[in-house]
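In the two complexes below, chain A is the common chain; its partner is chain B in one and chain C in the other.
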Partner chain A sequence: MTPAAARAGCSGGTRLPLRPAEWQLVLPLALAFVAFFAGPLLILAVVSAFDNEQITTVGFAMWTKFLGDPFYWKVIGDTVKLGFLTVGATLLVGYPLALVYIASGPWMQRVLIFVVILPLLTSVVVRTFAWIVILGREGVINHVVLWLGFAPAPLRLLQTELGLVIALTQIEMPLMLLPLLSVLGRIDPNLRDASAALGASKWRTLFQVTLPLSLPGLIAGCILVFASSTTAFISQSIIGGNRLVYLPLLIWQQSLVVYNWPLASVAALTLLLSVSAGIVALTLFGRRGMRHLHV
Partner chain B sequence: MAPHSIGRRAFTIGAAAASGLALTRPAWAKGSVTSAIYPGSWDEAYRGIVAPALKRAHDIDLEMQPLFAVDQIAKAKAARGAPTFDVFVLDPGPRVTGINDGLFETFDPTKLGNAGKLPAGLADDKGTTVAAQVVGIGYNPKKLPAPRAWTDLFKEPFVSRLGLTGFQTTFGTVSIIEIAKAFGGSETNVEPFFTEIKKVLPQIAGIGAPAGMPGLFQQGQFDVMYTNTQTVGTLRGRGVDIEFASPESGAIAFFTTMHLAKGAAEPANAYKYLDTVIGKDVQEALMKAPYFLVPVNRDVPLDPSLPMKSLDEMSKFVRHDWSKINPLRASWIERFNKEVAK
Partner chain C sequence: MSRRHSPSDMSYTLVIGVLASLALVILVGPVLVVLLTSFTDNRSLKFPPTGLSLQWYAELFDATRSRQIHRAALNSLEVAAWSTGLATLFGTMAALALARSEARWARMLDTLFMSPMILPGLAFGLAALMYFTFLGFRPSLNLIMVGHAIVIVPLVLRTTSASLSQLDAALLESSASLGASWFYTLRRVTLPIIAPGIFAGAFLAFMASIDNVPVSLFLSGPRSDMLPIRLWGMMESTLDVRVAAVSGVFITTVICLMLLMERVVGLTKRIRD
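This part shows the complex of A and B:
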């Protein structure tokens, strides 16, 4: 495969110019986007530029208050950290599972894909409460730990960052696996066979052939998991409890309990910027990997 | 090309009509009223008891929008005079916010045939009370002795089994105020609570989101928490070991009220709805399992599981002035976040 062919394969083919009639088909979606996303986002930015809860005095007092307080910086840091920890965990568990999927026969693949998308078929509230049953003081894990004598007292798993990352790893797993499976499935098996024929071990083939070629799916999965886990308000509040303070909890408190919409807007825009920064970092990392692949 | 194509104009008209319908408020039919309702047991109770009673008595359909009190206020403020529901259901804090922000129509209690059955002062020009809430301590009697005072919660054997919530909810706020008062604070000074919680924070079993508390108690994550009689009744009905204890300083009482939204589309039906809600039969049915709502109609014989024998006894319960609490709440929430965050 030439580098150019590889690049064309990775980017999903040649782009065709849109004809006017087709362009008009996009119009309803574009209008909906402007009305229901870009418009509200603009309002959010405007509201954040008011000094008081009544939204009458223009100023940047809320920005100064938010960005001048080390506590809020810690909350931003914890939110981004939670996203990266969840990405790391889903990657560690998900990538081997994706390799097993590719190596399996059609029947096994059907079973695996069902297991993978199963979390998407249940409500996030149900999934979250199921994790309370698993991680709780009298939950499944603690029963096993105490029964095996690994600890004298129940472990504290709920309302800890570790417990939250474990739960989010399962909850967000489909977002990592679905793009990954799609890209891994499109890799030509002959490339792996060629690598083996040239004397490369299975590990070397994995790290020098399969892994680099699956980077687009890997990065897409990482971005989806990062964006979803940093904004997972229900899981963060129910499993994490109120001792773990993340940006979505602050937004909820300020907008719906305190009615300080300017401060809520500042927190919401900060979340948007933080998640975007994380996504940019993941994309740059992916591009760097891809460049390395095509050199 | 596929033979079954829809013309662009037909598609556009269809899409516009569909989105127009979706944006229309649900109470379009004559003979209906739209009420905001708390999600969960209130929603179920009103769907099961009030809606059929209203249909029978007045041939009015009850449409419900499940929203927490704070969400209703936020939604009404955002709607700016065009509310999506006719009736609010609120706790005292959001009620004061609603009054201050002019979100309610002036209410005429004389239009309620059952208003005379309410204790004095429970229906006024702002709205009518529809239920009471009694807050105290819920504990697992198989694992802990009965706590006698709010201060007991911060001592062993309770503190290591204690589940807390912050100032986001009415019951959380008033409970923390009572804890602060037990340690020397007041309705507007919760400083002693923060001083004391710092000392015991590592021992506390957990600090949860309000909505998750019953589930966490059920799973044994906590064995003692501040809560209301309704949650205790609901959990006990599901086989959970839980009892309600009134602290020595007295259980806390507050009222849930309903209000006519400013610009309500169906005010006449709303009065009929509210009159049905406070009627004897409906109030009695709402008090029973699985709903456990504390009634406000004097004619209803109170359930023995409630911590009072008559509604008049509630005047001895601890009450709070939310016009003083509301202005302080934002700073308390911020402080709570900072003090308890890991």
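This part shows the complex of A and C:
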């Protein structure tokens, strides 16, 4: 039988009467998503359109209150800024590690992947706790700084944006590295060798061959890190404390402490829209880079 | 060969080397710090510890003094087991249909199923809380289980789809041309080949459920306490050093599981693809 005939036999209903259609296989998950994913998100949008905490009067008072208050705008700005700072920091140290990975032998590559996955699988709470021990007044960093005499008194790192970005760099780095390693691993090593053989320096090969070709993985990593760091409630609230307010803390306070569900919904939708806007920006940035590549 | 040692190439090696080492220190350092801290004999989180002892582990495993932690850990394990089972079953079925389909509706559904990966978890957690409240449900482990299943489905879908895309279509065709039914081919050809991908996805999904904060934060109640939420409470109020002991148990378990999964399904390969 020719392959074409075999394929026809494979998809023909008569030969395989028991074969379920594709939609039948997808149906359970699709129904679950409609009932437990789309449904809740719809309710979120509906609740945000109520004026009072009792959810009885329809109106956009919460939206105007939220978007008319400079404090909330600062919270939105800080959240987006935190996301981009974390993306920048994970990229700065993560990309070089990915370069070392593709230059390593198979055994070393497996070890490096283990090192990358280990923090990913140890709970976010555990990772956040580790950074309290490291960044605290009597923590590792202050221990070293005082011992070397760089500062007269312990540095204040907890409850600062710097401390939070350092901690999030570790907490989110696996999300940057996994797509990067996957894409970098698929680039033909001959291209790098050809570039070197044609006389390009290692820097030039990096910026003109490796970096452009790894752009899809790089953008995917940036999107994951951005989305995850802006919504990292535990890390933000424990390391940032009450001095640094981000949208997740606001959502939590309004919904579970103050019980103002409409305002919490407004904050949650704002977070959702901010994250989406950041993702769109990163995607467009990546597309521009790739168009540039084809010219 | 003089090119290889040009100043420019040496600066490349130096800069990349230093940054990559920094990345390694940032990734691994905290894990080691927590492990060492969990053996402290002190009541504070001073590092390095002044002396070593097992007192925090003793207190953690004490059935009466740490009863609430044990309860929360059991709840987390139960929820993770059920939600992983559901997500793996539904996710694998969907992957079988979507992986090879180029149809527009299939691409759209795929995007929908993957969206919990980048959607802010907290927004979904709040949405689920309000949704279930309006439907008249009280907080329970079942609700958390459903919420977790939705959030972890993408992990199963991704690894299973990756395995399916590497499956040689000729195998399925020969099985069919030899007269095997669709279900028989699924059971004897497809599933055995993609099983490592499914298991790797299920493992990641299980760990993601254990680790989940945004959904549990909103859906857990006094009778359905979850481990990450309890640990968060312990860190917020007084810095309880038992958190370090829990972390120690956690890290050791994860390392053992990772080594096991590497042996059984080649975890690192599955995750890289």
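Just so we're on the same page, the second predicted complex is superposed on the first by the 274 of 295 C-alpha atoms of A that agree within 3 Å, B and C clash if a C-alpha of one lies under 4 Å from a C-alpha of the other, contacts with A are read in each partner's own complex, and residues count from 1 in each chain.
Here, a residue touches a chain if its C-beta (ideal position, glycine included) is under 8 Å from a C-beta of that chain, and two chains touch if they have at least 3 such contacts.
Small disclaimer: the values here were computed from a predicted structure and weren't measured.
J.: Contact-wise, after the overlay, does A:Leu158 reach chain B, chain C, both or neither (first, second, both, neither)?
T.: first
J.: Classify the contacts of A:Pro96 with the two partner chains as first (chain B alone), second (chain C alone), both, or neither.
T.: The second partner, chain C, only.
J.: For A:Leu218, using the defined touch cut-off, is the partner it touches chain B, chain C, both, or neither? Pick first, second, both or neither.
T.: After superposing on A, A:Leu218 lies clear of both chain B and chain C.
J.: On the A-aligned overlay, A:Ile76 touches which partner chain: chain B = first, chain C = second, or both, or neither?
T.: A:Ile76 contacts neither chain B nor chain C.
J.: Is A:Val47 in contact with chain B, with chain C, with both, or with neither (first, second, both, neither)?
T.: It touches chain C, and chain B stays clear.
J.: If you stack the two complexes on chain A, which partner ends up touching A:Met290: first (chain B), second (chain C), both, or neither?
T.: In the superposed model, A:Met290 contacts neither chain B nor chain C.
J.: Counting residues of chain A in contact, which comes out ahead: chain B or chain C?
T.: Between chain B and chain C, C touches the greater number of residues in chain A.
J.: Quick check on the superposed pair: does A:Ile113 touch chain B, chain C, both, or neither? Answer first, second, both or neither.
T.: A:Ile113: touches chain C, not chain B.
J.: Per the contact definition in the header, classify A:Val257: touching chain B only (first), chain C only (second), both, or neither.
T.: So A:Val257 only meets chain B here.
J.: In the superposed arrangement, which partner chain does A:Phe129 touch: chain B (first), chain C (second), both, or neither?
T.: both
J.: Overlap the chain B and chain C contact sets on chain A and report the shared residues.
T.: Dual-contact residues (chain A): 24, 28, 129, 132-133, 136, 138-139, 237-238, 255-256.
J.: List the residues on chain A that touch chain B in their complex, please.
T.: Within the complex, chain A touches chain B at residues 24, 28, 71, 74-75, 129, 132-133, 136-139, 158-159, 161, 237-238, 241-245, 250, 253, 255-260.
J.: For chain C, which residues are in contact with chain A within the complex?
T.: Checking each residue of chain C against chain A gives 3, 6, 8-9, 11-13, 15-17, 19-20, 22-24, 26-31, 33-34, 37, 44-48, 90-91, 93-94, 96-98, 101, 103, 106, 109, 112-113, 116-124, 126-131, 134, 146-147, 149-150, 153, 170, 172-174, 176-177, 181-183, 204, 207, 210-211, 213-214, 217-218, 228, 231-232, 235-236, 239, 243-244, 246-247, 250-251, 254-255, 257-258, 262, 267-268, 271-273.
J.: Spell out the part of chain A that touches chain C in their complex, as residue ranges.
T.: For this pair, the touching residues of chain A are 1, 3, 6-7, 9-10, 15-20, 22-26, 28-30, 32-33, 36-37, 39-41, 43-44, 47, 92-97, 99-100, 110, 113-119, 121-134, 136, 138-140, 143, 166, 169-170, 173-174, 178, 181-182, 185, 196, 199, 201-203, 206, 223-224, 227, 230-231, 233-234, 237-238, 248, 251-252, 255-256, 261, 264-265, 268-269, 271-272, 275, 279.
J.: In their complex, what parts of chain B are in touch with chain A?
T.: Listed in rising order, the residues are 8, 12, 15, 68, 70-71, 73-74, 77, 97, 165-168, 205-209, 211-212, 215-216, 219-221, 329-330, 333, 336-338, 340-342.
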